[in-house]
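Note that chain A is present in both complexes that follow, paired respectively with chain B and with chain C.
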Partner chain A sequence: MIVEKRVQEGGLLKLAIKGDLDASSAIEMDEVIKSALGESQFNILVDCKQLNYISSAGLGVFISYLEDFKNNHGGFVFFDMNENVYNVFKLLGLHNIFSIVGNEGDAKKILFNEN
Partner chain B sequence: MIDQITGRWAISGIGIYLALAITILFFGTTEKWLTNALIQLLLSSSLICFYYTFYKQGLQYPDRAIEKPFSKLIGFILASFILTALPELLQLLGWVIKPWLAKILELVSGFSLVLSIAFALHYYSLLIHRKKTIHVIRLWNAFLVLLGLALLVEVIPFFNFPFFRELIWWSGLFLIVPLSLQIKWIALLKSDEKWLSVFYLLALNCMFLGILRALFSNNLIVFGLEFAPNNLVLLLCLMFISLYSIFGLLALIFTIPVSSVIEDQKAEILSYQEISDVLYRQNTLESALSRVFELAFKNTQSDAGWLMQYSSKNGKTLSSTSITEEEIRQITELVRIEELLAIEPERGYYYFNDLARQAENNSGVNLPFKSLLVLPIYGKKGALKATIALLKSFISGYDNDMISLSRSYAEQVQFAVEKAHLMEQTIQDARFKEEIEIATKVQEALMPANFPSNQFCEIAAVNITAKEVGGDYYDYCFIDDSRIAVVIGDVSGKGASAAFHMAQMKGIFQSLMQLCLPADDFLIMANQALSKCLEKNIFITLTYADFNFDEDILTYSRAGHCPMIYYSSRQKEAQFMAGDGLGLGIIRNSSYVNHVDTRVIDLIRDDVILLYTDGLVEGRRQNEEEYGYTRLLNSFLSHTEKTAEEIKDAVFQDFLLFTEGSERHDDTALMIIKIK
Partner chain C sequence: MLETKEMLRKSSLMKTNFIASCTREQLKEIRQFLSKELARTHLSDSEQHQIILAVDEACANAIIHGNQCNCTKSIKLNLEISEDDLVIEISDIGNYRPNEIKWQSRDIATNIRERQKGGLGLKLIHKIMDNVSYFKRDKINICSLTKHLK
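The block that comes next holds the complex of A and B.
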């Protein structure tokens, strides 16, 4: 798995995940999010276009920061998610908790509206 | 080597021997006063001196096979000498011996002389055959055949032609020279053994002088046969014995000065053996280090040295020889060993061949030592364990051989340390494995192995884990006589952490069951309980099924878990049961209530429910194809007429066949409930 980290205009952080997010890459993902928190980045766009697979441990990373982001009035917005990955989110009921949208433009809109 | 008293005996023996040899060589038989008797007696006394030397030494010749014939040989020589001297001695004293007695004495002494020659031959043949080759054996056999021919020529006048005699004599010489060079036994002797051997050979030479004397003064007569001075057998034997003795003596005398080198080499070889022995036996690293230090000290002939043990950077002198603690400190500071060790930790040794110059340049300390060799010994992960320092009082005291020898000692210890570490690791691994095995058994005990038969339904279940322990969980509980709660869950992640959380889930399920809760309340309370004990990134998906056989209804709720399959015996159809729901432990506050979705199904006889975990649908074939929902559904549908146990076996078998040969990535569980 590779995570690309890029700060967008307006102070948004975009994480583009490529490959599989499983138990072994979850540790790396955790580091990335932890450092974003450290830099007070509470609004995170997650580009899932190239995310092939996500395991329960991978989901655990996002879940573990759920409250931290909520407390800071921020959160994750996932976009461009493929069907397999979306089904995993849906199975667990996470589609009701995380914002999952079709494209980057919609994702930004959600974040700006929240702010 | 030889102590003082025996030394005196040896020296007097050599003195008498040399004096006699010189007199005989120069005056021979021409001088009247040099009577046979005198010569023989003096030769005997020198022989006794030599013998006494060996006797005093305890005859510690390493080779018992040679020692025995040698003692006999000396006995025969002495007897013959005394017997030949006796008639003349008696004459000198004015006693007249009767001719028949003189004849007998002559006969006996001649016989014992011949015997001693035979023994000498045997003795030398033993020496020649040390480290023998086929070549040597052939040479020796040829020599013996030649001696037999010589005897034939002497005894039977028919063969006694001058041509034969010449032929035998020259071929004899041709054999004797290479045989006399077979002195390999000398190389293996220690220096004191070499000294002893010198006396052995001198004593034998004594004998030849005596025999030569006897031969040239009057002919020997043995069993009526007269041995003339030109007797071929005697001449060949004496030629061989004297040539061999001379070569042997020369080789011995010339190798005595270098024998210490060979001894050192031997000691080195033995010290290797000792080191491996020490490292094998010594219980502590300290004692092993001390012993290795002693060996390195001894085998490099060092003048002083010390052994320092390190534990977390601090050195402690474990032992030192001929050096004070203050000097150690001075030298350590002078060459800055500790800094060097830190800068270049991979080096096997540090050698300073001129300490005095460094001392002058630095602090002007006057040290009695000029050469220093430091050998570091590293433990696991390259941590410095100890240093051995060796010192000599002259410059360039250590040559390459000594350095590599000491290095190899240090390496031996290092290997032993590493081996011990590895051993420890292996034991620890074995212990971990044992613990894991226990964990596996404990977890197996957490899952119900058998489900009680009852009048309402049949239950059957199976599970396998990807690792030794897993995070899948299923269980059941009778809420009352006609209500059974069944649960199946999956902890995120796998392995040991998942197993611990699974155990917590079981605790929560079994406790909450005591409260006879409806499905939604159960999930809300379970979420609340788990929120307090799960790590932040861990969640549990769960399907809770409450079978009420009074009303023949199933109330279920899906907390993010894979949707169960319901087979309706009325419609002969199976389908995945929809319903929203969120995994436990994801939202850890009261808003979880909003995510609980409870549904109800009417049950009739022969309806079948299949509960499973995601490992079942995500199981992959080698070509990465997933088992999938459709395959599961079809497989299940084709077996619904069977008993719960049979359905479980058939569906699981189908799954195993599909995933055969590929590595299992996730825990897998499967549960069948068939309504009676």
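The block that comes next holds the complex of A and C.
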């Protein structure tokens, strides 16, 4: 797994995840999210276009930081997710908890509207 | 007639196995092995993906919690596919026993509130597979996962 970090206009942080987010790569993902929190970047766009696979360990990273981001009026918005990855969110009911949209434009709108 | 049918059914049984050392990196190899084997079935892409996910979760539990990622230890996957069922047994000599009561009572809200990362793998396994059982056979831990194909 590779995570590309890019600060967008308006202070949004875009994380483009490429590859598999499993119990192995979740450790690295955890570091990425922790460092965003440490840098006070609370509005995260998660580009899932090249995210091929996610397991509970990968989901666990986002779940475990959700309260911290919410307490800072921020959060995660996922976009461009493939069907198999979306179904994993759905199996656990996480599609009702996280914002998941089709494209980056809609993801930005959600984050801007929440602030 | 019945005997012939049973013989035909048994002949369609496919058996294969895979041995992985107890490292997190091996999970990708396990998924690749499963992907190759499941491609031979009539399961849809989505069904194959879910079964791979369930097995990945069970293997991650055995590797991380059962064997503490000790690379000198290993887990073995036995895969059997018949017309009726797909059965995957994951065996190891680690010390992992799932807390069945804990996974059943745990909900996502608790994970969010307590900032928990774990505990959702078992939930996924049970949601995807038709039968899930953990038992010992000759001092070896077995996690048996079944998916009905009919």
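The definition used in the following text is that the second predicted complex is superposed on the first by the 115 of 115 C-alpha atoms of A that agree within 3 Å, B and C clash if a C-alpha of one lies under 4 Å from a C-alpha of the other, contacts with A are read in each partner's own complex, and residues count from 1 in each chain.
The rule we apply is simple: a residue touches a chain if its C-beta (ideal position, glycine included) is under 8 Å from a C-beta of that chain, and two chains touch if they have at least 3 such contacts.
This is a predicted model, so every value here is computed, not measured.
With both complexes brought onto chain A, simultaneous placement of chain B and chain C is prevented by a clash.
Contact with both chain B and chain C is seen for A:I63 once the two complexes are overlaid on the shared chain. In the superposition on chain A, contact of A:E83 is made with chain C only, not with chain B.
Between chain B and chain C, the partner in contact with more residues of chain A is C. Looking at the shared chain after the overlay, A:G93 reaches both chain B and chain C.
In the superposed pair of complexes, A:A16 makes contact with neither chain B nor chain C. Within the superposed three-chain model, A:S24 lies in touch with chain C and out of touch with chain B [touch as defined at top]. Comparing 78-86, 510-518 or 582-590 from chain B against chain C in the aligned model shows that the clashing stretch is 582-590.
Shared interface residues of chain A, touching chain B in one complex and chain C in the other, are 23, 26, 30, 56-57, 59-61, 63-67, 91-94, 97. Within the complex formed with chain C, the chain A residues making contact are 20, 22-24, 26-27, 30, 53, 55-57, 59-61, 63-68, 83-84, 87-88, 91-94, 97. Those residues of chain B that touch chain A in the complex are listed here as 490, 492-494, 535-539, 541, 559-563, 580-583, 585-588, 595, 614.
Against chain A, the residues of chain C that register as touching in their complex are 24-25, 27-28, 31, 45-46, 49-50, 53, 56-57, 60, 63-64, 108, 111-113, 115-118, 120-121, 123-124, 127-128.
Contacts from chain A toward chain B in the complex involve residues 23, 26, 30, 56-57, 59-61, 63-67, 91-94, 96-97.
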